[in-house]
Every structure is written in structure tokens, then in C-alpha cells.
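Both complexes shown next keep subunit A, but they swap its partner, so subunit B is in the first and subunit C is in the second.
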Partner chain A sequence: MDAARRNSRSIPTHVAALVALLWFALPARGADYSPDVVKAAYLVRFAGYVDWPERMPADAPFIIAVLGSPGVARELRHLLPGHPVNGRLAEVREITGAQDLAKPQILYVGAGRAEYLRAAFPATELASILVVTDEEGGLNAGSALNFLTIDRRVRFEVSLTAADRSGLKISSDLLGVAVRVHGGGRQSRDACSPFNTFDPGDGGCACERLPA
Partner chain B sequence: MSPRKKPALLACAVLLNGFGAWSAAQGGEAVSEDITRMSLADLANVEVTSVSKSNEALQGASAAIYVISHDDIMRSGLTSIPDVLRLAPNLLVTQVSASQYTIAARGLGGNQPAQNFPNKLLILIDGRSVYSPLFSGIYANTIDVMLEDVERIEVISGVGATLWGANAMNGVINIITRPSYLTPGSFVDGGAGNQVQSLGARYGDRIDADTTFRVYGFEFHRGAMEMGDGSSAHDGWSKGQGGFRSEWSADRDTLTVQGDIYRGTENELANSDGLVLGGNMLTRYQHHGSSSDLQVQAYYDQTEQFGPGPEGLGFVVHTYDVELQQTLAAGRYNRIIWGAGERVNSYGIANSPTLLFEPSHHALTLANAFIQDTATLAKALNLTVGIKLEDDPWSGWSPLPDARLTFSVDDRTTVWAAASRAIRAPTPFDDEVVEKIGSITYLAANTEFRPERVTAYEFGVRAQPQPGISLSVAPFYNVYDDLRTIELAATPTGLPYYWGNSMRGDTYGVDAWADWQVNQWWRLSPGFSWVRERLAFKAGASEILGLAQAADDPSSHATLTSSMNFPHHLTFDATARYVGALPSPSLPHYYDLDARLGWQASSAVELSLSGANLLHARHTEFPGDEQITRSVFAEARCRF
Partner chain C sequence: MNKFADTALARGSVRGKLLRVMLLTTAIALCVAGIALLTHELYVYRTTGSADLSTEAAILASSTAPALAFDDHAVAERNLGALAARRRVMVAALYSANGAVYAVFVRPGESPPPPKPPPPGVRISGEYIEVAQPVERSGEALGTIYLRARYDVAGRVEAYLGIFVLVMLLSMVVALLLSRRLQKGITEPLDAIAAVAREIVSGSDYSLRATKFSDDEIGVVVDAFNKMLAEVQARSQALREADQRKDEFLATLAHELRNPLAPIRHAVKLLESHGVEEKARQWARQVIARQVQRMALLLDDLLEVSRITRGRLDLKIATVDLESLVEAAVETAKPLIESKQHQLKIDLPPQPVRLAVDPLRVSQALSNLLTNAAKYTDAGGQIHLTVTVSPAGVTMAVKDNGIGFDAGALPGMFEMFSQVDSAIARSEGGLGIGLALVKGLIALHGGSVEGSSAGPGKGSEFTIHLPYSVVVPQCAESAAPPQRRRPGKDIAIKILVADDNRDAADSLALLLEMNGHEVAVAHSGEEALRIAQQRHPNAMILDIGMPDVTGYEVARRVRTESWGSEVLLVAVTGWGQKEDKEHASAAGFDRHMTKPVDPDMIEGLLQEFVSSRGTLA
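The block that comes next holds the complex of A and B.
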């Protein structure tokens, strides 16, 4: 009777001891990224794969606007200083509505806000802006890119029709990494424009080739 | 552990924890530098910490929705849908036999000995309703899907809003699988343990720029439960299932076609088998316009069950369903969703001498139409008003209104409130069943049986008080009427009994859960549910079997899930659960633990060792003699 009782108590004790040992023995896993960091890095990377229709003055900043995601805005604020995007100084602007928009190059719309984007931002205001949503079905709000989290990885899908509508050209290399591409658009899938890579040390333009 | 060892261990722990914290701080800086050097392809392969449970897309939702994510399922070590549903703190899942479970939310979970089965939940798989139209309950052996391809399971406790459909009286379980374009490649999964052995595979591919598909198959064997004296309950069962899903998508249109077939056998008595089999095919077309969305869906479902032996009940149900739904914007501040649908359940029952349905073959038609408007009243205030008209067999048209208010207090806090009505429409079990002992009819059909009704008042708060902590609290107050009771006929003996609607009452309680990212590698998710039932007979009720016939529910149940990520791609997850005592028939409270140790050995292979019901060699969850035993399971998953 006593042996049985001791036995039935020993399993939870052993489990607790094992967990405690692991907790204290192994250093915290620093290499696990938060989704916000990965999305911020993506947004900056996307800039190198998109052609905007209008040429900006050489000293105009590259603006990434963020609607409804303090997390991604915070990560962008960490990433951007000291890292030019497409040869320009980049900054992040948090906005709360169409009235704050002021012509950014990229607009990131946080999860749950795509409906608000569709309702409150007229299509004319979004011309020439790369709009990136972040929820299931986000492309229905008219965005050109939409983040999806699959199996603990952040992936994205592309709507070439929306990109066309906004006057943007998207490199086929970006399409190659996308999980899904909607619409054919007028864009040639073979085109690869010369873009800057992200590494500021590389002065010239280079097309980033992805592994096959 | 001897008392002498404790202080030494503690000192060790403090030192190592300090080291851990220091190395984490070092790690933080390195992260930012690393990620800016990554290419697109690298970013696409980075593993992220699980997305916070408070899925922001649900922030505006005005209901108590708990989402079981794909990740939660993969890390749990659980191998069947009913076990996976235990992860939702707002559901009470009780294992009755090796293949049957009862699933309930917010009380009124039924009382099996009084023939009152849990019958107040709507459960859907990809839009296909899978609760049984014969008695409104769920046959847990018919709701399996390939767990690897589940995108998420939404568990809504509370009256299903106008949108959901028939039988959503206490809640809705919505099992959503991934579209085929999100499941490319091959997946093979095999596992063995002392209770469960299983094997499964799935292959997905793209046919052309617009078309993708996947095919899958799995089979498992689950061992029998044990009787109180250690002998086998002889209810072990096996099931094989296969199916496919395909998507064709152009720019604004998507066409989904999917189907499954399954067959299971159960060894209920030592020398004869029970059989369950079924198949379904579903087509869904979605069109996304610039200001409106349209969805049309049609499905056919066939399900058959045959009990073992000559006395066993057998039935086949064919379901034909067509539904349409449109979402459109009306001006800047209104969003309207409206829809209509029709369902035919055609069934045939093999009557046994003790349990008969008259007529034994019948076709029931359900129809519904609904409209709902979500109006933005002010910057952070939304009001949704809707009404559903449901036409049910025997009871005709019922109006089911629904009103919900959502207020975003700030960026991280949402408050919502709702008032709505739902019914459980009469089923053949209510209106057509006849039960006999020998030649005496002791229960006869009542074609006057009215729908059970509920008016629900709900309220909720969803908040993220700090980064890394999210919580949801949803109190409720439900008023029930016309609950089913056993009534006496106006004969000298009182026989035959019949089903009446002579109970009413109210229930109130709360569903609450939280998510706490303790540190970078550890997440804790507690959940809790409490309900108090106050039921009473109406005037003229027979009061046979007492108020207990309505429900044998624990007043509370709770879960706690811990998720840990360790170096070298090791993960450790555990879920502890507690279920309070059952009143009548009585059963003491119980608690138990499931756990899983996983190792991503390479990019293609994941190995794991999991255990279920670990704390006790055997325990009982359901009044009766059957006991659930401790089990272990080793599994390998390969993706290539």
C-alpha cells in the first residue's frame, strides 16, 4: 500500500524535477525570433524587389507606414537607423487612419485591420503604395502582399492584380518565394530589374538570385 | 528527494538561472544584426515563436472564441480530434469509451442514464455540419481529420451567432483545414504506443498556376479501456480514412472541392463488431468582389453506424445541403451579411425490438435564412444586429434574433456584450422514438415536442495588459425553457412515458483563459470554466428522474498548458486538466496530465515521445465501470 502511494507520487515529482533542471540548466534560447521582427525584416527586404512608378527626389526619405501594429513599428524603429533602403534613409511612421497617410512607399496593415483598410482608404489614396496586410484573406482588402504564418514560419502571398492597380512592378524573384501568387497582371514573369541589395556595403546594383 | 539535497539544488538553480538570463541578454542584440542580413528565402525559413493566442484578427469578435492553433495540435502529442478538443478551456470533453466522448460547453451536458445526451453544440468541419440530426449529439468516432492539415479549430462557447446554423445552443466548434495550396509536398506520420498505433500520409502538389490539390490517408487502432476489475472493456476500435482537397483560384474566385471516406470497426462485445462508415463531398465557391463577397457551398454527407450483435441499432443518414452567403458594404459604416440554406436529412433506421423509430425511414428538411448588419456607431464602437429564421421539422419557423456590441477601449482592450436566442430543434429521437421492454411500450413518440429554447446574455473582456500577456474573460447568463423531460401518459399506469418540455431554468458562469509568455522559451496558458445551474420543473411535470436528468455536470473545470522550447530543437509541452465532481450519477473530481517531448532531428524528420493520462495508472471520467489507462506513444513525422 505504502509502496504504491510512494510510486504514484514519484512520477509528478520526477517530472517537476526534470523541468526545474532543464529550466535552470539550459540558457534561454536567444535565436527564436518574434513574428514582428521577421515581418519588419520582410518589409525592408520587399523594397528591393518592387519598382515604384514615380521617381522620388534623391534626398527624399523612404517611408514605411504602419497601421495598427505597435509591435512591427517598434521592430522597424530598431532596424532602420543606419540601414538605407533603396539608397535612401528610411523611416517608419505609425498612422491611425487615412488622414495620416501622406504618401509612404510601403503601408503595413496589422492583423485585424484589413477590413478597416478596405472601408476607410479609397483606392486612389493607395496608388503607388505597396500595401501589405497580415491576416487570412487579407488580399481581399486590395493589398498586394499578405503575410501568412504557416508552421511557425512567416510566409506571404502576392496579388499581382493589386500590384498592377497600384502601378507597382514586382520582381519574379519575390514571386518565387511567395506561397501563392494571384493573377497574371501585365507583368512579365521573367523580368528582373536591377535593385540594391540590403547590405549597405555593396555600392552597386545586383539582382538577388535565390537558390533553385 | 532528501531534505539535504534541496538547498544545494536551489543554489545551483539560482546560479544557472543567472547565467541563463545573462546569455539571453547577450543574445538579444545579436538577433537584430542577424536578421538584417537574411535574404527573402532565409526569412521564409526562420522559425518564429508562436503567435500570441490573442489572435489580433479576433480582437473585434464579440463572442468567447478560443482558437486551437495548428501549432498547439502538433505540439500536444494528441492523436484524435476529441482529445485535441480538450485543449480548449471552454469545452468539457469526457471520454466514455475507447471511441466515444461527450463534448459540452457551458453546462447542460446531458445525463446518459436518463437518455439525455449532450446535444447542444454545433460542430462543423470546413463548413459541413457533423452533429447527428437523429438526436442532436455528436458521434465522436466520425469527426476525425488529418491533424497535420488542420489550420485551426475555433471553439465558441455561447449561443452561435446568427451566422452559424442550427443547434448552436451552447456553442460552436469549427474545425478548419488548410487550403491545398498551403499543404504542398509529402508528409508521412507513424506512431506506436501501448494504446494507440497509427500511420498516415499526405501528398500535395500544384497542377498548374491556378490549381492545387492534396490527397491523404490514415489509419489507427485504439486499444480498449479497462473495467474496474482490470478486465478489458472490449471496446477497442480501428479506423481507416482517406480523402482529398483541391483548390482552383483565379484572381477573385476560388473553387474548393474536398471529400473524405472512412470506415471503422469496434469490438464492443468479445465476439462481434460494431461498424461506422461514411463519406462526404463538398464544393465551395467564393467570389471576392470590390465591395462584396459571395460564397456558395453544397455538400453531400453519408454516415452509417451499426451496433454489434442482433440487438444493435443500425442507421444510415444521407445529408444534402446547399447554402449561400453574401457579405456587402452598405455605405461607409455598415456591413451586411445575409444568406439562406436548405438541408435534407434522409435516414433509415434498422429498428431493434427494444428501440424503434416510427417511421423508420424518413426525410427531414431544414431551411434557414438570415440577415445581419454590423454598424460602426462611433470610432471604436460596433453594433451587430441580426436575425435568423429557421424552419425545422415538426416545429416550423422559429425567429432567432441576435444583438452584439463591441467596444475597443484602446489598442489592446476590447469589451463586448451580446444577447441572443437559439433553439435545439426536435429530432427523430424526440418525436419518433419508441422504446419497449418485451411487448410493453414504455416510451412513445411525441410529435408535439417543442424545441428547447435558450436566451443568452453574454459579456466579455479581451485584453493585452502587457506585451506577452493576454487574457479573455467571458461571463454569461442563459435562460432556458422547454427542456426535455420524461412525462407520464394520462393512463392508469402512466405508461407509455413520452418526452415533454417541462423543465426550465437558468445557468450562469464564466469562461476565462489567459496566455502568458513567461520568457523567450516558455509559455503558460491557463484556462478555467465555471457554471452554476438552477433548474426547475414547470407546473404539471411528472418529475420522474428528477432535475438531475437534465445534466450531470461538474461545476468547474480547468486546464493549464505549458510550452517550452529548448536548444537543439527540443520542445516540451504538457497540459494538466482538472474536472470537478459530477453530482448525479456521482463521480469524484479528477485531474490528470498529458505531455510530449519533441525533437526536430532534421529539417525533414521530427520525433516525439508523448504520454496521456500520466498521473494515474487508471482513472474514470464518466460514471460507470470503464477506466482510462495511462498511455505512451512514440511518433515520427517526416516532411519532404
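The block that comes next holds the complex of A and C.
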């Protein structure tokens, strides 16, 4: 939230960037665009709804690492140069393994690579990184967010348990538009917006919204 | 009529006017307050209405941002659907960043939102307020939220006017009731005065009085009104009394003037008839003389009083001996006193006193008191005149043991034409002007008169007070008793009497001849001049109103003659006004006398003239 507010304060200084964003902005009907374009835009927007535990140095860039998805990496490269994320310059870094990780803010793991993520990346390496997977059951690999395709639309689900583990705080606004919210704890209670159903069966609070 | 005469406030009763003023004031005050409140209310309605809607839009923009950001149509619809609870909001729409309608909320019967997002801001159009608010997140413009709410000014005004009319009616009723109670304090005293005034105008009953309710201006008016009523009442009472006295006086006057006529007529008849003894003729002449004297006195008094009341009487102040003054007064009253066989006792101060007064008037006043005493005392009574001189002034008290009077009659006694009832019944009669005359004459000298009585039948006492200033300081020369001069035959004078009225001239001439003077008579101005030229008289008694040459002319011509400067010229007229006297003295007259002339006074004048000249030419 802090990041979002800081970002909103920087609006006047980035009028040009905004114009560019409007150009690239995601239209209401995501189906009209390729999934990679939508996913790249969502990755950028996720940053506005997440609080990272560590303060970044003032001049450090915001890094989105992409593992195993050249399409999304390409779209990000298109999008980011003119578009700051949380008030910082953002850049894309394509990686192939844990050795290249080097502490990004977001790690996107392409479709079918979740198993590899779980096997190759130690949990300690992933602290303070928002990990986004992109496959059915991707949250099992320890990611906080996982893209789903429902009705040919890109949706996502949230694991508060994973987010907690990584020390991330996810805004309830984001939870409101998530397909499913897994995990409980203190934050999960906040996550239950009035619009979501309450599911006590999942140990804590599981808010689930089924597609219409 | 003043300038308010033709305004609405000039008509109707005070009560109605006060009511109108009150209601009008209340209505105007309420209207002004109502308009001010309505204006304020509409302003507040407009500002709070748009502010509320803007707030609503801002909240909605924030809550719908994630739905737009992550393209969640259902959440957006649900967010807008929550507006169903907000009764004011009629239409809501969410537009995506590319301007397409993303979600819509429309109440039944309302027109759909515009297809394209309107520019951000608040707009008031007709009976709607519209707000458009951009939806942003992290500096990214995600779309626009649009809200439309009712802006029902007409309904608002209508409701407000309804309340206003109700309040107006209520306050009017309250004002009416209240004013009725409060006005009582104003209108009741006014009504009371008005009622009294109306009653007085219709009935002329000045004894009515208005009741005083308060000490305010109305109370002052009531007091003034009552005071005026008292004054009017007193005056009308006085007028009535004066009128009554006048009527009584006229009756008395007629009676008094008629009384002497009968004996005179009888005496004349007796004189006309032949073969009447000389003794009877003598008696007849005496009757005529007495009655004429009485009538002349009566008329003199009357004229004198009217002169005093009109302020036309001038005093001829002279130095006179007190004793002779008293003697003259007693002499006048003596015939009546003697005829009633009263005993008169006179006490004078041991030293001779000289007074600077009008001797004629003072002795007239004193003789009046003496005559009154004689008149109102039964035959054989006692009359006591006491004259004293002290530093307090000169006092002349006349005391009798006559009929007296009631103390209540005293205040009116000195009024003109008043008479004590019991006195009217007495045969002596009288005009009732004697005491008024005394009072007037003495007041002219700066003195006063008072009367007292122990009661009816117990006698009375009247006292003249003259201030000490009238007393002339004594000097050695005048200490000797003054020479009593009697009109008599001691010195004979050549006199010319001129009057176109033969009887008047002849009778006066006869009287003067009887006193031993040498008298010539002229019946016209010409004749007077001719005789005077031949005989060079020492004194001329001239009537002014002679047809050919007036007395003034005769006097002027005589004064031009060498022998004429020393002549005593006496004018005799029917008019005793100041101007006549001035006229006479300008023409060269020494003295001016008013008809009828008293022969004794002429005699006195002649003697005075002779003694002042010492010798006769």
C-alpha cells in the first residue's frame, strides 16, 4: 500500500510513462489480447498490491525475473522501459536456474516449471520474493500467486501461507479479485472481503470465488 | 389634516391598526427569514449534494480499481450493485481505460449512462447531479467511474414552502392571540378615554372623568384630559353663575331704577295741581330731590364699577386730610343713617394724618361701607367706624349690629352683582355692586377689603386696609388742623354757564346763584363767547357738545384773550374717557367733569380756585 501511495505521488513526474502505459494498458476484455501480454501487465500491476519486507536502496531497480517463459519476458521488455514499478525503474531478467536468481522482487515461473521451482530453489533463496507460477496446482510449489486460465481469461489464485512465509503482505484489494485465496493466519482474515465466501474447512480461512 | 390622513393607518380603530401593524411586521419578518433560510438551504443542498456524490465516487473508484486492473467483471458489477442501498444514486457506470462501458447500475425507470465516459468533475444539469471520477492505481489510469444522483430543487423548494406556509399560519395565529392580550394595556385606556369623550360630546356632562390605567403616555393624556375637563367644568360653572348674577342684576336694576319714579311722579302731580298748601309742595320738592339723588348715586356706582372692571378708571391722587376724607364719606351716608335712626360712633387717630390717595374714590368706598351698614341694620342700630394708622397701613373698620351673614357667603360677596339672599329681601334693595365697587376702588390704591360676621343676625364688620405708602409724612406746616372750607356764600365769583340744554344750564345757574355767585347763562357757543367778551367771568362751566361752537373751541378762543388766561375753565361732558380729558386739557380747560355735575363739587372747585388765586380779577 505504501508503495502504491508513493507511486501515486510520482504521477506528475511520469506523465509520458502514463501515456505509454495507456497505450499498452490492458483493455477490459483480456481475451482480445494474447495471454502473455495480459500476464506481463498483471505482473507489473501485482507490485502495486504487495508490500515487500525489505527496504530497497533508493537507486536499486525493480527486478522482475522470468524463468522459462520467453513470451512473457518479451512482453515485459516491451512494457517496462517506459514504465516505473513502485516508483522505480524496472527491468526484466531472464534466468535459467537458481544460480541466476540474484534477489529479484518478482519471480515469474512459466507454465510447467513449477515442479522444477520446488526442486531447485531452496525456500531460503525465495524469501522476500513474490513468486508467481502459471499452472494448475502451481501454489503447491510454494508460490504466492498462480495464474489460471478460466473461460479463456487470465485469472489468478493466492496463497497467503506462501506469502506469509516469504514475509510479503498482499493487499485485500488483490484478494478481492482473486479466484481463490488459500491459507489462513492473521492476514487471511483480512483477506476475506464481504464478497467472498467463507470456508472454514481449510484450517484457517479460505475464500473462494468460483467462476461465474 | 396631516399627511397621514389619506394613508391606510388613518382609518379604523386603534385596535385594528395595532393588529395590522403587528401582523404585517410578523409576516414581513417571517418572509425575510424564510427567503434567507431557503437560499441557505438550497446552497447547502447543492454543495453537500455534490460533495457527497464526489466522495461516493472517490470511494467507488478506489474499490473498483482492482476489478479494472485485473479485468474482473463480476467484482465490478458487484461493487456497483452495492449502490442499491444508496437511495440518492440513480445511475452508476464504470468505464474501462479505453472508454468502453465495463459495468452498469441503473435503477428502474432511469435513463442509461452515457456510452462514453464524461470528463472528470461535477455537473448539475436539470434535476440531476453527475460526477465523473477517474479510477487509478499505482499511477495507472484504469478507467472512469460515473455517478448520477437526484438533484430535486423543485421538490426541495416545494417542501420548504409547505413548511413555511405552516409556520407562517401558526405564527400569525400566535401573534394574533398574543397581541390581543398585550394590546389590552394600550387599547383599553384609549377606549376608556374615547368613551368618556363621546359621552361628553353627546351629553355635555363635564363632571365625567376618564379612568387612569397606567403611567405611560396614555396616562399623561388621561391626566391632561381630566384636568381640561375640570377646567371646563369650573369655567362653565363660573359662566353659569355669572350669567345668573347678571340676570338677577338686571331684574334688580330695573326694580331699583323704577322705584324712585313712582314717588317722583306723585310729587310732580302734586306740584302741578292747584290749591296745594306750601307745606305739601315743600314735601314734594324734597321727595323729588331725594329720589333723583338716589338714582344718580345708583348710576354713578354702576358706571364706576364698569370702569373698574374694564380697567378704565384713573385715580386722581391728591394729598388729603384723613379727617376730611372720613367726614365726606359720613356726610354722604348720613341721610340714610339718620333716617333709620342709627347711632354712629366715629373713632379717628389722635394726630392729624394726610394721605396721598384719590379722595373721591376712597371716601366713596368708605361711604359705601357706611351705607351698607345702615341699610342692613334694623332701625335704631349701632354703627361704629374706627380709623387707625399704624406702620402696617391705614385701617378703616365699619362695624354694625345688623343682619350679618353666613361665612359661606363671604367669597361671593365682593363679586359684582352678588347679594346676600337675606339682603335682597330687605326693602332697601340695592344693586349688589357696592362691595365690588369698594373692593375695586381700594385695590386700585394697592389695598384690600375684608368682611367678617359672627353669623346671621349677629352683625358684621367690613375693613378697608390701605398700605402705609399712602400716608404722607407729617411736616410742621401741615401739623395745624386744616381749614375746613364749606361751600358757601363767603366769596362771590363771576361765573358763565354754557349749555345748549336749557334746563341743565338754568338749573346749575340757579344753584350757583343761590350760593351767592354772579351767574350768566348762555345756550350756545356763540352766545357764550359774546357774553364772556362783555363780562370777563372768573370761571366758565362749558358743555362740550354744543351744536354751533363746541366747548373746546370756546375754551381755545377764551385762552387767546388777554383776560382769558386766568379764567377757570371747567369742561362738562357725558364722556369720561381718558382721551376726552386729554382733549379738554389740550384745549385749555383746567378741569374736566362728567355729567351729571354735582353742584357741590363745582362749588368746591370754585373755592379751591379762589383760594389758590388769593384775589379775583
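We take it that the second predicted complex is superposed on the first by the 156 of 212 C-alpha atoms of A that agree within 3 Å, B and C clash if a C-alpha of one lies under 4 Å from a C-alpha of the other, contacts with A are read in each partner's own complex, and residues count from 1 in each chain.
Everything below uses one rule, namely that contacts are C-beta pairs under 8 Å (C-beta built on N, C-alpha and C of every residue); 3 or more make two chains touch, one makes a residue touch a chain.
All values derive from a computational prediction rather than experimental measurement.
Asks: In the superposed arrangement, does subunit B or subunit C reach more residues of subunit A?
Replies: Subunit A has more residues touched by B than by the other partner.
Asks: For A:Pro81, is the partner it touches subunit B (first), subunit C (second), both, or none of the two (neither)?
Replies: In the superposed model, A:Pro81 contacts neither subunit B nor subunit C.
Asks: Figure out whether A:Arg153 sits in contact with subunit B (first) or subunit C (second), or with both, or with neither.
Replies: It touches subunit B and subunit C both.
Asks: Quick check on the superposed pair: does A:Ala47 touch subunit B, subunit C, both, or neither? Answer first, second, both or neither.
Replies: A:Ala47: touches subunit C, not subunit B.
Asks: Just checking: does A:Tyr33 make contact with subunit B only, subunit C only, both, or neither of them? Give me first, second, both or neither.
Replies: Only subunit B; A:Tyr33 stays clear of subunit C.
Asks: For A:Gly167, decide between first (touching subunit B), second (touching subunit C), both and neither.
Replies: Touch status of A:Gly167: no partner.
Asks: Looking at subunit A, which of its residues have contacts with both subunit B and subunit C?
Replies: 8, 11, 17, 22, 25-30, 38, 42, 45, 49, 153-155, 173-174, 177
Asks: So in the complex, the part of subunit A that touches subunit C is made up of which residues?
Replies: Its residues touching subunit C are 3-4, 7-8, 10-11, 14, 17-18, 21-22, 25-30, 38, 42, 45, 47-49, 84, 86, 153-156, 173-174, 176-177, 195, 209, 212.
Asks: Using the touch definition from the top, list the residues of subunit B that touch subunit A in their complex.
Replies: Spelled out, the residues of subunit B in touch with subunit A are 1, 9, 12-14, 16-17, 19-21, 23-24, 26-28, 30-32, 35-41, 43-51, 55-60, 70-71, 181-182, 209, 249-251, 288, 290, 293, 329, 332, 335, 411, 467, 519-522, 564-567, 572, 574, 593, 595, 614-617.
Asks: Mind listing the subunit A positions that touch subunit B in their complex?
Replies: Residues 8, 11-13, 15, 17, 19-20, 22-35, 37-38, 41-42, 44-45, 49, 68-71, 78-79, 83, 110-112, 115, 118-120, 135-137, 140, 142, 148-155, 159, 161, 173-174, 177, 179-184, 198-199, 208, 210-211.
Asks: Please give the residue numbers of subunit C that touch subunit A in the complex, ascending.
Replies: Subunit C reaches subunit A through residues 63, 65-75, 78, 96-98, 100, 102, 136-143.
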